[in-house]
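Each of the next two complexes has chain A plus one more chain, namely chain B in the first and chain C in the second.
Showing the complex of A and B:
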């Protein structure tokens, strides 16, 4: 049996006393790509935030590589650097004086005190390599607040890839990207996942993408409604149960231009 | 030549002026580095609150014969705790809570000063006493400044990521709760250091203006930090001289020079100044 990177058992999160996520259990085998789907307000982002320790949970056992998330939402030191998170958007306000190279370098450095000028061995090479692998080398001197949406997402991938990690969590990471940027990002994610052996958990509304690239789907609507392979979980009947009877899966195919 | 240098050298023949200049420069450096983080975090109001809220702590520490940094630390961090608790349990907005708590603490400090018989001179705490610093004050200020500067240097990466996006910082394993209180503790301690130079009322200028001036001049954090230090140190030196030449309030002179620097940069900064932006809309 494959190693389980993330295990969630009986997750329950209340908002204003009302459960927004209830009794959710799932496990992510090593190097799997799992999509969390469901209608708006189903609690997808809440599950992600609770699993990352960003939101308090009322019940539930969450384990990363067998190590438990504390009730305060902190991972033990041994696994803390194994997670990376790509949110819908970061709170970058105004011109934050941080270049792409600085930002990616911060992804390499461990947390805690260190002299600003004491670069660990291989730091510079690791940054260059991460920028190269995410097609960001040309952006290295740019300010992060000057980047376009697609560039910013790639820089965040460079942040993730600059040091080895096990779990990558994405919350609608493609939101706001146009079709070509989204396609480019998805392909890059797929390549890096294979090369790095990442286990991926991604919240997505793009069911076509989920069908193409994920190997496990979790259908959520406050509780877990069903889970399994994309073909099983995303059948027309299952989707109607999840999104309501009026739901028509949107498929979009271009005819070749004359 | 002597005629030109005399106004600069003559004040420095006096020991109290040498001390004022030395300690003023040290405090300016610490405040400037911290001000870069405060500017990026958008914590000017919080800096104002904490620096005012340390007053009762300083008075109590004086009265009990304890180091005033201790009292300032307890009340500075305590005020932040009170702000957080009120915000969490009422519907009142944060800026209102901050305004309410720091004036309350400050008023308590005024009451204590008026009731506790001690050697505390109110005007020295409120407006600084750079020209009358004792040996004990000197040592205490130097120790506080060195500790703050060391923490800021060693945790530069973590603090910068925290200012950038606390949520992101947390997901990559930083203890943002600790960083939040650490930054506020540094503000409390720096307020105590700044108390000697410009006093409690104006110390917030030292914690905000150099960072804001440097932010208009550079898009790189390291360069911004150096520019903030340059701005704060030059304002302190010029301010001390100005106060000597014009026989005016030292704290007032330092902060007026800082503000003038900001206004000048706001108009003339090469990329982000008003003139440059008018030329290239």
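Showing the complex of A and C:
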């Protein structure tokens, strides 16, 4: 039986006294790619935030690599460094004085206080390698505010891959990308997942991408409505139950990602 | 030419030497904290804090206590209160700050109108009196500068991640609330201490202008912070020298020089940085 990287049991999160998500349970086997899908307001981002300890939870047991998330939303240090997270958007407005290389470097550094000159050589090598692996070497001196949407997403992957991790959590990582950029991002994510042994949890509205690249789908609408393989969870009947009877899925029939 | 000839005599004056050192430290400190404050969209916070400080000064006068002693605890209390309001209220931060600072200003004017015996000049409070800066003032500013520099160096990663996204920072183990609070309290103390030199109306310029100018011409985060510090310090010194030579008010002179620096940075960014 595959190792379970993340286990969530009976998760409940209230907002203003009203449950946003309730009784959500799932597990992510090692090196799997799981999509969390559902309509707007279903609580997908809330589940992600609660699992990462960013939102208080009212009930539920969350374990990462067997270690429990504390009631205050803190991971033990040994497992906290094993998680990378990319939120929906980052506040990069106007001219932001941070180069791609410097940004990726912040993904390498530990969470606590650090003198800027400590471990400089190993840090530099790790940054170069991460940029190379995400096809971002040519962008290293660019400002992060000068990048296109697709480039910025690849740089964010470099930020994640700059040090070894076990779990990668993406919240609508491909939102706003055009089809070729989205395709390139997904292929890169797949390659890195295989090379790094990442377990991936991604919130997505792109059901075609989910169908082609994910191993497991969690259908959420405040509660977990169904879960399983893409063929099982994304059947027309289950999608109609999840999104409402008027929902008609449109299939592009792309070839599945290799 | 006459101005150049007058310079050695001006530099020989002890109060001018203290003022230049004070300007250098205050300007550099404003540039240092401003570099983070501007990216964290706290520019208006420093402005509101400066204006609200007038209430602290007025309360000090009303209670017969040295206003400078009231100012630091008042500014810290104000910062903590605003921080709580911003976190708990669902109103936009700029609107909330506007409410707090205009109310503070109104209360300050009302408090001052109740004081019959106050014969002090309000102008130094509004525009600063950097020429009246003392050695103890300088030691306090120097100590604060070391503290602020040390804090920002060791927490650089946390600051940048919090600027980019609270969630990103939180997921990477940054104690967001602690860092937010620490920065806001530090900014409040610096604003309170600098008010004697710069004045309540101009303090935000010391925080905002050098950082914005540096943002236009810098590519790396470290060079952005350094440029903001250098611009803050050098503009303060040039402005004070201009003030001393022309006998014009010191605070406004510094701000005008800062603005000239900002225009130069804008020009530089158009001509050099983008080519």
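FYI, the second predicted complex is superposed on the first by the 248 of 258 C-alpha atoms of A that agree within 3 Å, B and C clash if a C-alpha of one lies under 4 Å from a C-alpha of the other, contacts with A are read in each partner's own complex, and residues count from 1 in each chain.
Assume a contact is a pair of C-beta atoms (placed from the backbone, for glycine too) under 8 Å apart; a residue touches a chain by one contact, two chains touch by 3 or more.
Just so we're clear, the structure is a prediction, and the values are computed from it rather than from any experiment.
S.K.: Let's test your reading of the overlay: on chain A, do chain B and chain C clash or fit side by side?
M.R.: With chain A aligned, chain B runs into chain C, so clash.
S.K.: Per the contact definition in the header, classify A:52: touching chain B only (first), chain C only (second), both, or neither.
M.R.: Once the two structures are laid over each other on A, A:52 reaches both partners.
S.K.: Determine, under the contact definition given at the top, whether A:60 touches first (chain B), second (chain C), both, or neither.
M.R.: neither
S.K.: For A:109, decide between first (touching chain B), second (touching chain C), both and neither.
M.R.: both
S.K.: Quick one: is A:230 in contact with chain B, with chain C, with both, or with neither? Answer first, second, both or neither.
M.R.: neither
S.K.: Just chain B (first), just chain C (second), both, or neither: which does A:97 touch?
M.R.: In the superposition, A:97 contacts both chain B and chain C.
S.K.: Where on chain A do the contacts from chain B and from chain C line up?
M.R.: In chain A, residues 52-54, 75, 80-81, 83-85, 87, 90-92, 95-99, 102, 106-107, 109, 111-116, 143, 169 are touched by chain B and also by chain C.
S.K.: Using the touch definition from the top, list the residues of chain C that touch chain A in their complex.
M.R.: 39, 153-158, 160-161, 163-168, 170-174, 214-216, 218-224, 269
S.K.: Once bound in the complex, which stretches of chain A touch chain B?
M.R.: Residues of chain A touching chain B: 52-54, 74-75, 80-81, 83-85, 87, 90-93, 95-99, 102, 106-107, 109, 111-116, 143, 169.
S.K.: Can you name the residues of chain B that touch chain A in the complex?
M.R.: It comes out as residues 40, 42, 153-158, 160-161, 164-168, 170-175, 215, 218-221, 224, 272.
S.K.: Which chain A residues qualify as touching chain C in the complex?
M.R.: 49, 52-54, 75, 77, 80-81, 83-87, 89-92, 94-99, 102-103, 106-107, 109-116, 141, 143, 169
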